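Chain IDs A, B, C, D, E and F follow the sequence of writing; residue 1 opens each chain.
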Amino acid sequence: MEDDDEFEGEVKRFLYVNRKAPHGTIYALETLETVLIAAAFDQDVSMVFIDDGVYQIKKDWDTTNVNMKNFSKTYRALDGYDVEKLYVEKESMEARGLTEDDLIVDVEVLSAAELSDLMDAQDVVISS
Amino acid sequence: MKFGILVNEGPFTHQASDTAYHFAKNALAKGHEINRVFFYNDGVNNANKLSEPQADDRNLVKLWSELAVEHKLDLVVCVAAALRRGIKDELIPEGFRISGLGQLVEAGIEGDRLMVFGD
Amino acid sequence: MMLHTVNKSPFERNALSSCLRLAKKGSGILLIEDAVYGALADNAEGKKLAERNGDFKLYVLGPDLEARGVADKPLIDGVTVVDYGGFVDLAAEHDAVQSWL
Amino acid sequence: MEDDDEFEGEVKRFLYVNRKAPHGTIYALETLETVLIAAAFDQDVSMVFIDDGVYQIKKDWDTTNVNMKNFSKTYRALDGYDVEKLYVEKESMEARGLTEDDLIVDVEVLSAAELSDLMDAQDVVISS
Amino acid sequence: MMLHTVNKSPFERNALSSCLRLAKKGSGILLIEDAVYGALADNAEGKKLAERNGDFKLYVLGPDLEARGVADKPLIDGVTVVDYGGFVDLAAEHDAVQSWL
Amino acid sequence: MKFGILVNEGPFTHQASDTAYHFAKNALAKGHEINRVFFYNDGVNNANKLSEPQADDRNLVKLWSELAVEHKLDLVVCVAAALRRGIKDELIPEGFRISGLGQLVEAGIEGDRLMVFGD
């Protein structure tokens, strides 16, 4: 990320909250489209995956037989857009029997209590 | 066997229309008959021919349209639900027609099974 | 006997639990779309469903498991994986179909 | 209802299953529109209200301030269309602290077990 | 402090329970649309919420209670009824707003 | 105070657009500014001028349109979400315009609060 002094004081903390499973609804895909655009605005962008949202970053999607778009690798591309702050709730992972090995991207696993502090410190929260 | 199909959500936002399409296609492939596909609630949004998905995504409006033409399916868009949502004659793709809710009840009466796909 | 379909994640909504309360014992239950997570043996909801698998014939839609990257995960005992053709067969074999949305 | 011999063998049991609260989504209203049309076909029509669907027939709606359509009295009109089989699940009522006095129409309250038998005997099930 | 809005019935979905798990103590929580049933004292979900009313400032949207015919039902202790103008005030008074959908 | 508003569902099927409209109207009545209303996901279906609800029901498309004209609001329909769903120039009512997702991010940066209404 560049060091833009001109943006000082204008950088806001944007949080994208993902709580829905992929494919059953389009929210995972369309939120991802927003995040990619948001990256161009040099804001402080974070994404959190909680509840069924953790399934959005489950690896090994094969959408051939449902004939829907496989946008799984876009999560991997986020890093190239300087979107590096990805958080997952530990409790949501555990309830779903998922471990970090199941995920397609590197994320930081936080407890509900830690996530609570992080989410409360945001300026703009876009959820779906 | 004669299947009626009810689709209650629009394309893309929910998977309902996708699942209904795969069901219809596979039922036909197995030699079953589809006596009607009825689009209700937001399902009427499947009948908007201006829909233009990205090149690497499926085009559900076109898929339904082509399936209808190929198999002479009766795709009925509910007039009451469609009016509310602004789906009118000028938007209706080939293979679809607008009609009343009675067509849904009729599909239930005349078919062997009515399948509901929604949210 | 009826076939019941459920398309909602059991973590998010009450559709599956209502289906389990109201479907007649012996019915078929097919999990599709976001409901397929409920058929996995290693999560909390799958374990709950496993306790009822003597009461129903359980099915899960394979293409929806594959799309969500969970086709290789262990399923709860007694669940049969079907494809869209199998979905059609189930609908034809049962007397009627109810969707839990 | 007329005694139409010509319909013999063609009368099917249609069940409309209502599980969603009113107003948050349109399903209550649009299902009701279907039921009114269905009544004209001389079929054996039943409606069940379970889960949040029981709130559809809660009396005393005042939609003035949300500026949405108040279709509550349509439930009362069903009787005039010969739609007389309305069933409510006892367990759903109890969880929501509702009694028959709360309802705008006369219904038959059935236990989950009784409802289970009734629902299983239907030919066509339209749910939302 | 943040304002959290919840618009889903707690009987149908997990939005309110997730909000209660993840909202910081002391936050405001406003129940709107189908979530207003969660503010009623005489139902199972309202009773669950009542146990947490020391942790949060609870609000419920009056027009949505009226529309559903439950404006006369007793609310759980400590809930404040607001109208749309009050919703605007709450959004302005808090530092940010999160919607639980 | 400057509010941005995000509407993620279409009219009628979900209450989201109604609630957002009441919020916007009341914010304006209290002297606040609405820097933008952004329509995303199925929210783009609020921008279909063919919508024709029953006479005894509210007309959300018209209500948004009139509010925009009266208060010079900026109602932006996301081009990507709209293309997919067949909401194109010929359907866009007075007071709405089609533009990119950057307009949503900008509304978040420039406003004091971003309000999200969806399902």
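By our rule, a contact is a pair of C-beta atoms (placed from the backbone, for glycine too) under 8 Å apart; a residue touches a chain by one contact, two chains touch by 3 or more.
Keep in mind that what you see is a predicted model, and the values were worked out from it rather than measured.
Counting only chains that touch, the fewest steps needed to get from chain C to chain E is 1.
Counting hops only between chains that touch, chain A reaches chain E in a minimum of 1. Set against the C-alpha centre of chain F, every other chain centre is closer than that of C. A count of contacting C-beta pairs for E-F and for A-B identifies E-F as the more extensively joined pair.
Of all chains, the one whose CA centroid is most distant from that of chain D is A. Taking each chain's centre as the average of its CA atoms, chain B and chain E sit 38 Å apart. The distance from the centre of chain B to the centre of chain C, with each centre set as the mean of the Cα atoms, comes to 24 Å.
Centre-to-centre separation of chain D and chain F, using mean CA positions: 34 Å. Contact with two or more other chains is made by residues 8, 12-13, 15, 22, 41, 54, 57, 114, 116, 118 of chain F. In chain E, 7, 11-12, 14, 33-34, 63, 83-84, 96-97, 99, 101 are the positions where the chain touches two or more neighbouring chains simultaneously. Contacts with at least two other chains are made by residues 23-26, 51, 66, 68, 123-125, 127-128 of chain D. Under the contact rule defined at the top, the touching pairs of chains are A-B, A-C, A-E, A-F, B-C, B-D, B-F, C-D, C-E, D-E, D-F, E-F.
Looking at the complex, you find that chain F touches chain E at residues 1, 3, 8, 15-16, 19, 22-23, 25-27, 29-30, 32, 112-119. Considering their complex, residues 1-2, 14-15, 18, 21-24, 27, 95-101 of chain C touch chain D.
The touching residues of chain E, counted against chain D in their complex, run 7-9, 11-12, 33-34, 37, 40, 42-44, 46, 62-64, 66-73, 83-84.
Contacts from chain C toward chain B in the complex involve residues 7, 32-34, 63, 83-85, 87-89, 91-92, 96-97, 99, 101. Taken together, the chain F residues at the contact with chain A in this complex read 6, 8, 40-41, 80-81, 100-102, 104-106, 108-109, 114, 116, 118.
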